[in-house]
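We just call them A, B, C and D in the order they show up, numbering each chain from 1.
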Amino acid sequence: MNTNANSNPIVYEENARDRGALLVKCPDRPGIVAAISKFLADRKANIVESNQHSSDPQGGTFFIRVEFECPQLNEKRAAMEAEFESLAESFSMDYRFTYRADRKRTAIFVSKETHCLLELLWEWQSGDLPTDIVMVISNHEEARGMVEALGIPFYYIPANKDIRKQVEEKQIALLKEKQIDVIILARYMQILTSDFVSEFPDKIINIHHSFLPAFIGARPYERAYARGVKLIGATSHYVTNDLDEGPIIEQDIERVNHRDHVADLKKIGRSIERRVLARAVKWHLEDRVIVHENKTIVFE
Amino acid sequence: MNTNANSNPIVYEENARDRGALLVKCPDRPGIVAAISKFLADRKANIVESNQHSSDPQGGTFFIRVEFECPQLNEKRAAMEAEFESLAESFSMDYRFTYRADRKRTAIFVSKETHCLLELLWEWQSGDLPTDIVMVISNHEEARGMVEALGIPFYYIPANKDIRKQVEEKQIALLKEKQIDVIILARYMQILTSDFVSEFPDKIINIHHSFLPAFIGARPYERAYARGVKLIGATSHYVTNDLDEGPIIEQDIERVNHRDHVADLKKIGRSIERRVLARAVKWHLEDRVIVHENKTIVFE
Amino acid sequence: MNTNANSNPIVYEENARDRGALLVKCPDRPGIVAAISKFLADRKANIVESNQHSSDPQGGTFFIRVEFECPQLNEKRAAMEAEFESLAESFSMDYRFTYRADRKRTAIFVSKETHCLLELLWEWQSGDLPTDIVMVISNHEEARGMVEALGIPFYYIPANKDIRKQVEEKQIALLKEKQIDVIILARYMQILTSDFVSEFPDKIINIHHSFLPAFIGARPYERAYARGVKLIGATSHYVTNDLDEGPIIEQDIERVNHRDHVADLKKIGRSIERRVLARAVKWHLEDRVIVHENKTIVFE
Amino acid sequence: MNTNANSNPIVYEENARDRGALLVKCPDRPGIVAAISKFLADRKANIVESNQHSSDPQGGTFFIRVEFECPQLNEKRAAMEAEFESLAESFSMDYRFTYRADRKRTAIFVSKETHCLLELLWEWQSGDLPTDIVMVISNHEEARGMVEALGIPFYYIPANKDIRKQVEEKQIALLKEKQIDVIILARYMQILTSDFVSEFPDKIINIHHSFLPAFIGARPYERAYARGVKLIGATSHYVTNDLDEGPIIEQDIERVNHRDHVADLKKIGRSIERRVLARAVKWHLEDRVIVHENKTIVFE
């Protein structure tokens, strides 16, 4: 049971205790679904949702996410995982079990602009983000008030490229001490080194304020304005060592026109950034995203 | 093999011969997916796509569509269907097998406005509608040219409410003689009687030029204009005996504003009607739609 | 100058003091634009934005909104308005001047669901709503915390249909005492009597949680679910004495599917309601909306 | 009067004879609108639509499009234009008068893929494109049938980079002989030389099958698939000497997901390309587009 002070009671429905999901990636071939569903049926686990994907029907990689409900799941899960191993081996599966009862522990990084942070806190308060927000880290003080008002610890860690190494060491220590599972860069305007990124593979989610791959890098709205585009967008992606090149989770856009100056684009962009990041984070927290090569399979 | 003169070669890929789908509706309970997937695996059928839905996780109705690929499917299918019966019975399944090789035979009904017909013919020509368009029936001559240019038989059957009975008898005779599976009302401006409708349950697809349930019935654009709505829409649905009340398959909308007069709404509406009907027809032809009570489950 | 404690400094740019707008409605005929633009040019007012609309090119009603910048506007405005009268008379104009320096005084009504209120407060804090939020009135206590945290007075006025008369008298007294210009019903779940409505013509903005005219009245999401629609929407409109029949300012929708139960529709709906109401309120506060008969002309 | 065989009678309303538009670009300063509207009013021209834009309220470039209706316009226009010159000079205006009665003469270039051509022909037939389609030029034979069926001359001009110079000379001669005003590249897969482009400044409209500036150049769908984007788009722009860098007129997108392979992206993309090009062409034909530096002002 989750006793974290800033956990979110609304999301924590009773039956969640018996909910789990199995995510699998393996070479495609007949019999996978049969084997998995038999395994679950034999353990009285009822499949409540199932999504699958073949990278290529004529023998490619097969992906499946099965969400199930199983009485006394907490008591059974250890045995279940142990028993699954031989099956997984026979299909050379890369897999993981996840459980609704294990709420992910999240840290949000933010700088001066707080709109994405606010959206996440709002969704979290309304019970739409199944996670414990364990901390907010910022290189500015702007967000302290709204964060502490919700009983969430706020860590002010000044940062700039000259002290990057020390700053990241401090951050990593904090994240590990608090056993953080997910790091959300909610408009955190500092570049992370590959040392930092490699500590948390596929666990750092960023929001980039453009429709990638257009306007990679700095000042995307200024460049969108200069180019005279008729739509602007935002992109949420996993952070890798290639700036803005990580696997894309979600994107969205809105129309703009010649009347919109850079300030208007930024304002319109803020609302796109808010919803794109919120969607991506939700899917990640619900274990609906599988990263494969440099892409994502999102089982919405 | 399909030898119809106006069949569409592009869609007819070789492997289609070995493609099939199983659609099932039954009371929800553990083991359904396991049973179905085992059944297919035992017959060397590889599941290439699978979608399911539970009307209510705590025991409601369960729906699943499994698309599979199976060598020599044509030779095996009769046996497969026979063998499935006992399994179906044990789960009290309402089910059907469909085969890509059996192209549905379609009749399109149209009146004066040809934009929806044109869209369907265009999609069909580009190989995006897996069907044989066996005939076009119209109560006007406008469409004859474009239809016959494609080698599709065109039947001009004048109609009005006074002669409705005779007209429908003639139409039904024609549809039965040509073994029509799907009837598309592509802006056919005559009301069909319950006698006609009950001949083709869940087989008649209509496009209504409003966002149902708003503006049910006649002159929706005029009424949308009078109300001053900021969005107009179109709805594609199966035809039942309740006018515009049948199960909705697809809907879409576009923004309008105070500058748009009725003529503008109609013009904007035409493009919405085109894409909404085309999508609904495609999903129906690919057996992705299950009708349940007065709703549809669409496994896109 | 505005000295209200809870005014929003960000919006209050210096040049706003010299910004004004003229809104006109009159019988269409040649020379209107010439007369208005000459009038402004003669007073050194530079037209920065101009929008017009003819209900019908062959002589209908003509609408125009002209936004201008004029040095020392505050000193000149009284004289300007006086001098405009004769011109207005000669074209039988129904018109009004509005000034950016005069920030509208807003009251927000809310019940238990706070998402629309939160969105408005968020937009207001980011400087996107040019208004003074003078009070929040609620028949529940849920919103008190977030409102008072921003230094906005919160009035808890319990309400139900039995005491409606007394409740509205209390509300009206309060609204008049504080000289409220705009009343926003941000999911206020009480019906207002015609006595209340007629006190504030074209000044009460409501958000209805459906795509009007579909699902007028109560429980729209439940009814949308029952009908099996593939899109749900929200509508912001001025409140008149006909429930949900007032002039529509803005509408928007989002896609839903068979997987979405009523709770999902409500959740998706919340995000539509938030942005639809925020847009409508913004346009109203910027005097971009003209009500004509039962429709709106919105000069975005 | 237009007597062209393949002109479009539907569009040709009687009153069009009296419709004109004035497009102006000049340094911003007070009095421009007053001067223009007085000029028109003095000539009994009724302003039916007016749109303006200031690149920067504090003195930048001012743009205005005024559409007017004036009895006996055909008889008056020469004098009107002559009389406007002094006014234009006093404001250093860059301007042009256009008349609905002068239908632009259009040439469409196409290669193998005909979906964009079909869309334009369809819009043109329904009376939504006010132009005379004088010819279709193609380096393939695919489109001949549908083009000649509409009585539009089809010119088959084989092309490849080795014979580019001769091919373009032939094309230019043809375009000049037929006094072409607008050239539409409806998926014409040959690169045009700067010699060709400079013959028709701001008169060549292209559709690029990506959301520019993402995926400039060849094979955009393949690259979009490789990057794993969640939206794909299309862009219509004027052709300049910088490949895919010309002023953007219109863009749109659609959602895609991990299930969509390159072939699916192309199919979805076709429908985006169709509507984006059709909109851009319509706005250009109605003289709603002003090119300024490398951007467009579109007065929808």
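Basically, a contact is a pair of C-beta atoms (placed from the backbone, for glycine too) under 8 Å apart; a residue touches a chain by one contact, two chains touch by 3 or more.
None of these values were measured; they are calculated from a predicted model.
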{"item": "More contacts between chains, B-D or C-D", "value": "C-D"}
{"item": "Most remote chain, CA-based centroid, reference being subunit A", "value": "D"}
{"item": "Distance from the mean Cα position of subunit D to that of subunit B, given in whole angstrom", "value": "37"}
{"item": "Residues of subunit D defined as touching subunit B within the complex", "value": "115, 118, 122, 126, 128, 149, 267, 270-271, 275"}
{"item": "In the complex with subunit B, residue positions of subunit A that touch it", "value": "28-34, 37-38, 40-41, 44-52, 54, 57, 69"}
{"item": "Residue ranges of subunit C touching subunit B (in the complex, touch as defined)", "value": "53, 211-215, 227-231, 233, 247-253, 257-259, 294-298"}
